[in-house]
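One chain, chain A, appears in both complexes that follow, with chain B as partner in the first and chain C in the second.
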Partner chain A sequence: MNIEGKKAIWKDYQKEIADDKFYYVRSCVRQNFFPGSETAFLKIMREELKKDVYEHPCHTTCTGIGYHSDIVPVETTMTVVARQFAIMNEAGYENLMPSCITSFGLYTEILDTWHHFPEVEEKVRQQLKKATGREFRIPKNLAHASDVIYKFRKEIAAKAKYKLINKNTGEPLKVVDHIGCHYAKMFPSKGVGGAEYPYVLAGMIEEWGGQIIDYPERRHCCGFGFRQYLVQANRGFSVACSKEKFESMKPFKPDMIITNCPGCPMFLDRWQYVINEMEGKKYGQNEEGIPVFTYEEVAGLVLGYNPWDLGLQMHQTDCEPVLDKMGIEYSPEDKYKTEVNALYSESHNLINV
Partner chain B sequence: MSKQVIVIGGGVAGLEAAGQLSKAGIEVSLIEKENKTGGHLNDWYKLFPDRRNSSEVKEYLDGITHHDGIKLLTNTTIEKFNSNKSHFSIITNEGKELTADAVVVATGFDLFKSARKEEYGYGIYDNVITSTDLEEMFRKGKIVLSNGNVPKTIGIVHCVGSRDEKVGNLYCSKLCCVTAVKQAIELREHLPESKVFCFYMDMRMGGAFYEELYREAQEKWGVNFIRGKVSEAGEAIDNKLIIKVEDTLAGRPLKMEVDLLVLMAGMEMSEGGKKISKMCGLNTGENRFFAVADHHYGSNRSNIKGVFYAGTCTAPMNITETISHARAAVSEVMDYLKNVRK
Partner chain C sequence: MEKLYDLLLKDIRFEEGLNACMNCGVCTAICPAAEFYNYDPRKIVDTVQTKNDDDIRDLLKSETIWYCGECMSCKTRCPRGNAPGLIIMALRSLSQDLGFFVESEKGRQQLVLKRTVGQWILDHGYCLYLEGVGTALHPEQGPVWDWIQENWEAVFKKMGANYKGDGPGILRKIPEEAMDEIREIFKVTGGMKRYENIEEFSKKKAEELNMILDEGIDNEYFRHIYKTNNGCHTR
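== the complex of A and B ==
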């Protein structure tokens, strides 16, 4: 593989990412799936990078899952999104930073639709005004939260306590990066590095000492792909998708998987357990699974946060093999002793601290 | 005093036009940006459909341009273009001024840059090559993978950069299908143990003896033709390429392993042509090639009186069509000099 070829493509897909004053909108599902990730993100942004990140208690779902499941009509979705913009404007912010990849994709799709069909935007404006009395402005900048961590990857590296390096061998950890489908597959120019060879997570991994693995099923769906999972009868297909990826990446002996989507880490993590139950098969080295992380969790580990404060005890595929390789000190006994707001040095109201 | 014509481009069309003009007693300045004439012909090994060596056609073109009436300027580009009442002058990159009574634009085509079809991994995966790369291997007589091994399974992808809205090329490049058939046969000749698979959208075998070549590829050489476009390529741990394609005749997705993947790059308006177009104010069409005055009876005429087109700067053509088009351009130039400009 010729990395120079990829670098040439990465150059073509650079996007503008705001520097400060972010309006953060949360994912509907991430706090259940990996509860430490968004909290860790806010701590990194506010305490490590000293950025202004604002959350509004009244923001809602973007309706992305309902939209992609054909439950919520597109006009309703657009009006809900318009309301998100309106309350962002009311709070005095212009840079929208969604936590969820599907939300990011949906916001991108709606802004593109309005760009090409201004009459649709006008209709939505009227609907929002009629329903809520609100008005909105288009965000000045739209960047997914992983774009923002990518932007500040060097600053995080400068504060790093640990690197993505195997302390026993001195070799970089081999990392599979899995990008959510809605990040750039619909609008390649809106993703760092484009759709075919995205750089958003690869850039973090490179900067933090790891080595990215390119494997044949790199582009394949994680197995969430709403129709595979939300329709109960299709769930076998969901496991099959994940299995396809694990089989394809296994020969490259990955140490870990990093993701930037709410659903991907959930399915890549949980289905490893299910496949092991069904077939007695594990895909990592030494008869272990391949630990799966969100990018916030990886950033938190690099910065030296306590793995259990990051919520790694919630993973079904044990994360300890990676912690051991990185030389992270942790207490096995404390694994399930959860402390509320443990990530913060003092008690914080997470909303608008 | 004899008339003077500037021919821009020393590929097949430019050479043919220059040769025919000089035969008619015209003084020709032939401008070529490279250090030798011949254009893409120099990159090719054998030509379809008769599989003759490309050097034979080059010899013919060199023969007709070996004429006192032709002044050849290689390594030359045009920096300025002026037209004044049917009088043309050009300033070259070396500051030389050339004047003429008419101009023939024969700037040809560029091959589509296959790296733009990112999903095929050209420039990233070692064993993804283009049709031109394969021709070079044929000329060297050595078809090997990046590790020096001989490929056993070879995939050929048609329509790379042609009939593709995603890259902005809606048109058919016309020659990629027959090039694929020719190269598939040559691969089987060079590597009798190999298996060759062509992945196509439609087989467009519109030229003389093309269909016969297609039949020969299947019946005599056992080339497999699968109707479906490759959607992506990836590299496995052993450097083999994993490709995904929908077999639209079988109605099912297909995933297979190949050692070598050959991309049939399409044709695009050349960068040189784009520069000339801007500099001279010559119109281009939706396909970005030069826009001809009339598709039926004016395909050599431009929007500027006295400036004519020859060959693939107007649309994809094979060599036969290019030579005919260049001769037609010469006929238009002669008519213009005799009856219009006087």
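== the complex of A and C ==
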């Protein structure tokens, strides 16, 4: 592999990412499956990086899963998204920072459509006004929450308590990155590194001491496919996609998987459990699964946050092999305890710092 | 009645997604659904661009338009800048508007999506609202999900959620005035009409199949469309 050549290409795909004053919109999937990731993200942004991050209680789903399940018409989705913009404007913010790749892709798609078809934007303006009385301006900057962590990856590295290095061997951990289809496949120029050489997660991993694995099915979908997972009769498609990826990455002996999208880590985590139940097969080393992480969880581990405050006990595939390799101190007996989270501050809910 | 092709043209995604297709098949080569299902996005785009009304009607009633996972891998690769995934979305919308979706096993599943994700959006303001959605419907979620479901409030409090609370935060209660705005947007923009269409045509189909379709998800027709797979969809 010609690394220098790839680095040259990556340089052509650097997007503009705001520096401060972010308006955060949450992810339906991340909230339900990886809530600790959003809590950790806000702590990192507000307390470690001292950034202004605002969350409005009245923001809602963007309807993305409904839209891509084809039950929500495009006009409805565009108007819900226009409402998100409107309440962001009213709060005095311009930099939209979604926690979800489906949302990020949808915002990108809608802004592109409006750019090419101004009459569609005008119709949405009229519909929003009619339905809610609101008006909106286009966001000045649109960056996924992972783009922002990527931008500040060196600052996080400077505060790191642990590195993505095997403490026993001194070797970098071998990491598979999975960026999620809607991050850059639709609009490559809107993702760090584009669709061919996405660097948003790879940049974090390299900065924090790990080594990225390039493997044949690196860009293959995790298999969500919206209706292909949500309806039980279709789930064979979903597990088959994940299995194709596991089979492809296994020979490279990955220590862990890092993900961008809120849904992909759930699928890559749960389908390992299912494949083991169905076929008695595991893809990690030492007869273990491959631990799957969100990027917020990886950032939190590097910063020395308690694994159970990050929510790693909500994974079906055990994460302990990675904690042990990194030399992270943790208490196994605390794993399923539900005392208050040290990462969480009441101020996150009551005051937008 | 208007030509089906002209109806498709009214969908902005169709206009964005279809320039002249040269039938190279790169979309099919990259497509995850084409690896798994009897599915060929190239053929769909080719059929649509013939503008043949009978062929488009067959597509709208077919299984094949429901196989796509909308990953949009096709959009990255098409040398002509087409997006078969967007064309699929326009076909699926028209199939639901005209009631053709109930003519296929996969199309009938739209009622499942409307009564789960669709209802969660209108009731809670989230696409997913999973308290009480356990491993009976989602066995793949595994034992950890049973533990989460059994300890839902404590687990989410531990994770820093503002579960059902006022103000911002994870799984907060979205204020009623915000929910009223979302429901009004659905009324003004055709979202509610789409939901009503799915219900109306599904009810007729359930009667035709002599199956019980009550409210909610615990009834014969819902269970049937949620679980039925005739085994003829895959390669």
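Here is the rule we go by: the second predicted complex is superposed on the first by the 341 of 353 C-alpha atoms of A that agree within 3 Å, B and C clash if a C-alpha of one lies under 4 Å from a C-alpha of the other, contacts with A are read in each partner's own complex, and residues count from 1 in each chain.
Assume contacts are C-beta pairs under 8 Å (C-beta built on N, C-alpha and C of every residue); 3 or more make two chains touch, one makes a residue touch a chain.
Because the structure is predicted, anything quoted here is derived from the model rather than measured.
Colleague: Figure out whether A:197 sits in contact with chain B (first) or chain C (second), or with both, or with neither.
Modeller: First partner only.
Colleague: In the overlaid three-chain picture, which partner chain does A:252 touch, first (chain B) or second (chain C), both, or neither?
Modeller: first
Colleague: Is A:218 touching the first partner chain B, the second partner chain C, both, or neither of them?
Modeller: After superposition on chain A, A:218 lies in contact with chain B alone.
Colleague: Spot which of chain B and chain C makes contact with more residues of chain A, would you?
Modeller: C
Colleague: Could you tell me if A:5 is touching chain B, chain C, both of them or neither one (first, second, both, neither)?
Modeller: Touch status of A:5: first partner only.
Colleague: Of the two partner chains, chain B (first) and chain C (second), which one does A:66 touch, if any: first, second, both, or neither?
Modeller: second
Colleague: Would you check which partner chain A:52 touches, where first means chain B only, second means chain C only, and both and neither mean what they say?
Modeller: Touch partners of A:52: none, neither chain B nor chain C.
Colleague: Which residues of chain A are in contact with chain B in one complex and with chain C in the other?
Modeller: Chain A residues touching both partners: 195, 219.
Colleague: Mind listing the chain A positions that touch chain B in their complex?
Modeller: Touch list, chain A to chain B: 1-2, 4-6, 8-9, 194-197, 214-219, 248, 251-252.
Colleague: For chain B, which residues count as touching chain A in their complex?
Modeller: Contacts found on chain B: 115, 118-119, 121-126, 232, 234-237, 242.
Colleague: What residues of chain C sit close enough to touch chain A in their complex?
Modeller: Checking each residue of chain C against chain A gives 11-13, 15-16, 32-33, 35-37, 66, 68-73, 75-76, 83, 89, 92-93, 96, 105-106, 109-110, 112-114, 116-118, 121, 125-130, 137-138, 140-145, 147-148, 151, 154-162, 165-172, 174-175, 177-179, 181-182, 184-191, 194-195, 198, 225-229, 234.
Colleague: Applying the document's contact rule, which stretches of chain A touch chain C when the two form their complex?
Modeller: Against chain C, the touching part of chain A is residues 26, 28-29, 31-32, 35-36, 38-39, 55-61, 63-66, 68-76, 78-80, 83, 105, 113, 116-117, 120, 127-128, 130-132, 134, 181-182, 185-186, 188, 195, 219-221, 223-228, 230-237, 239-241, 244, 270-271, 273-274, 311, 313-316, 336-341, 343-344, 348-350, 352.
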